[in-house]
Amino acid sequence: MSVGDLTILVDDVPRRVPAGTTVAVALLQLGITEFRRDLSGRPRGPLCAMGSCFECRVTIDGVADVRACLTVVQDGMRVERVR
Amino acid sequence: MTVASSPDVVVVGAGLVGALTALRLAETGLLVTLIDADFAGGGSTGAAMGHLVAMDDSPAQLALCADSRRRWHTLVETLPDDAEHEACGTLWLAANDEELTAAQARIRGYAAQGVRAELLDARGLAAAEPSLAPGLAGALLVPDDGVVYPPTIARELVRRARQAGVDVREGTEVASLAAHEVQLADGSRLATGAIVVATGVAAPRLIPGLPVVPRKGHLVITDRRPGMVRHQLVELGYLQSAHSFGAASVAFNLQPRRTGQVLIGSSRELVGLDASINRPLVARMLDRARRFMPAVGEMRALRTWVGFRPATADKLPLIGRWPALPDLWVATGHEGLGITMAPGTAELIVAGLLGQSPAVDPAPFRPDRPMPTDTGLAA
Amino acid sequence: MSGHRRVDIVVVGAGPAGLAAATTAAAGGRRVLVIDQALRTGGQVWRHRSEATLPKRARESMARAQSAGVTFALDAQVVDANSPHELIVDFRGRMARVGTEALILATGAKERFLPFPGWTLPGVTGIGGLQALVKSGLRLPGRRVVLAGTGPLLLPVAATLAASGAEVLLVAEQAGGARVLRFALSLLGSPHKLLEGLRYRSAFLSTPYRTAAWVTRADGTSQLRTVTVHERGEQRTIECDWLGAAMGLVPNTELAQLLGCAVRDGAIVVGEAQETSVPGVWAAGECTGVKGDDASIAEGVIAGGAAGGERHRVHRAAVRARASGRRFAKRMDETFALRPEVRALADADTIVCRCEDVTRGQLDPAWSQRQAKLWARLGMGACQGAVCGPACAAMFGWGDNAPRPPLQAPLLGPWGDALSGEGQEPPRNS
């Protein structure tokens, strides 16, 4: 655990993640590659990492469809995946 | 292959009205050519909400809606999945007791045309549509209304038309019409027994003086939020907006799509064919939608688009002969009821061309009938 | 709460072009606001968490903008506009109107993704996309990475990945070896570019860099496990953890199109002073055509000068750099033109529109983009064609489906409020 870490909730589970990273990077770093499911139920994760593709959408602090690649982690942030 | 003899009928316009008309004509054994300047469903059909609704502004309107809606009920059984048919019904929302009382008075008229309708009080409405804002007096539920996705239906109907022997020519522009002749933009001429013009707002270009004007509307679609909206929702004030021709107006109209997306309307303006987005009007439309369903504000807006309804001064479509040329028929002017009225319209054209007895009295839809001149609907 | 802010000049995009434009425009005391969706300036090419990792020219560019008094609104996106002089901006979730005399678009470029079987598996990202993740903090120690795409971007990304500890197994360039060699030799005229390329290459020296090579499929169950590479007529399958796959860059023209600016061949059309076809709107950088940093900065300077109202100043050095950059861009286009094979990797079941799960088999190349949209729902999802639009342009030659408001799928309520003029007060200084 390093000085720059903080705690976010991922699907209601508290996780330590480095400060200053995006939610997308934080999830990937935690080994989470499936961010959401497509219309046929197949797993999807980040593609463009710059806000164009909307593949990395997760629910953040109750707001749905937030692009994880454009959002920096904050202490206490609630990240939920819709699967 | 022998050279095909000239068609019995040329149908111009492969929107829902034209495509269905061409198919039905072919099914009676006539030789049909169907022409569209672009692709099937690419005009107003592609911009439309796809509401299948029994609207009762006048007995004639209700009669055609009721007949046509019945035909839709049969048709949707045979359509592929991408027609996105949802039998969600319509809830006409009453903001207050006066509106609710007025709504109740419409039930008998509906019943006379075989359209089921029932009144919901405030509690019944809240149970039927939990996401609505509180404070509404109730609603008129028309359970057999539905929604469809028109462009794929136009595509499917054209596919069936081809199978039925219709000569379908997409990407082909008609330049002008003459007696028993259609002149294409490439200079070629098509001799034909009869012509049916179903080109919507573009019809006056081919038929000068045809009393149709474009009535522009905006729609906004959201991202998927399944289950939030269960019925097509329309405020009773919609009838005011749809059936009067003042300045730009909005009326609450919300539709659940099979995808879980929500389609938000509606607006009306008379600005010719200006397809630019009128943002202040869209703002009014969205504001109205949020008053009825605040949760809409929390959805993500994906896109806004514009469509043009072919409107007439007396709010009834033009279905029948147009006397300027022999055997020239028109099928347009449906305003916001083009999708609903397509099957009934097709049947009226078929009956007219074949000299058969029509299912609905066609007199109110006579294209060359006298039109009111004081409505503000500049043609 | 007016939810309204007025400035003299808005610059959309804080990459090399946007920074240069803002700095130049701010001369003479003009109030310049730069809007960017990221949390830091630099755009894509100068993305960083710590300024210490940036090249000197990037740090200098940022410092110059600061000392010129440029204001930055970061984590902000333009979602709509009532006119080129009134933008609707989503500031970190608060929507407000921004009034401006002049507007400079420096919206950069995005990657072009060409569909192939398995490309939707988690673990498959863009090339710039993978670099963006790493630069945003993703650690890939010992993770096996394959890069497959085209153009110079492959080199710095491979270098970044190698430096971060990843095991770069292969860099596959779809262009043929002779072309790439010719291109490299042409860089002898720009020694710093050549040196830069060699420096990058030396960072991943143990990784094979193969030309005329491309990925034909990716496989895995819930995430990427293997990729299959076509190289010199042979296919081989490689186990890996990440695949960075994209075929070049395409300009971001959505906002320009929304404002009515002319766009040709997928790029914003600009004149000698970087003016677009809409009065009061200028454009600079990759969004007028992918061309590299030097030319992007040059265009930013010219646009900033013009938008800032300079009448007689000619930025000679910038004009020269722009001309040189355009020549370079042309050479890049020719060298890295997409071969037919990579345009046709999708099989019938391959998803083309990722948002709506529309497969290749559902599409007829003879259609138009709009026809595909209405008949097959292509481009109707959250990204509104940002991914499938360029893909279909490359696969079928389809044209654009014009963007409609709002951009960036904002929350409807705040957008509606801003349209009505009831937006929220934007943050003072982000």
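Order as written gives the chain letters A, B and C; numbering starts at 1 within each chain.
Criterion: a contact is a pair of C-beta atoms (placed from the backbone, for glycine too) under 8 Å apart; a residue touches a chain by one contact, two chains touch by 3 or more.
Predicted model only: the values in this text are computed from it and were never measured.
Ranked by separation of Cα centres from chain A, the top chain is B. When every chain is represented by the mean of its C-alpha atoms, the one lying closest to the mean of all protein C-alpha atoms is C. Averaged C-alpha coordinates put the centre of chain A at 44 Å from the centre of chain B. As a whole-number value, the distance joining the C-alpha centres of chain A and chain C reads 22 Å. The mean-CA centres of chain B and chain C are about 41 angstrom from one another, to the nearest whole unit.
For chain B, the set of residues that touch two or more other chains comprises 223, 298, 300.
Along chain A, residues 63, 65 each make contact with two or more other chains.
In chain C, the residues that reach two or more other chains under the touch definition are 381-382, 409, 411.
Remark: chain C residues 80, 82, 367-368, 370-371, 374-375, 377, 380-382, 384, 404-406, 409-416, 419-420 touch chain B in the complex. Taken in their complex, chain B has these residues touching chain C: 38-39, 41-42, 46, 82, 151-152, 155, 220, 222-223, 277, 279-280, 282-284, 286-287, 290, 296-305. Of all residues in chain C, only 37-39, 44, 49, 75, 77, 93, 110-111, 113, 120-126, 128-130, 132-133, 136-139, 222-223, 252, 354-357, 381-383, 386-387, 408-409, 411 touch chain A in the complex they form. Against chain C, in their complex, chain A makes its touches with residues 18, 20-22, 24-26, 28-29, 33-35, 38-40, 42-55, 57, 63, 65, 69-70, 72.
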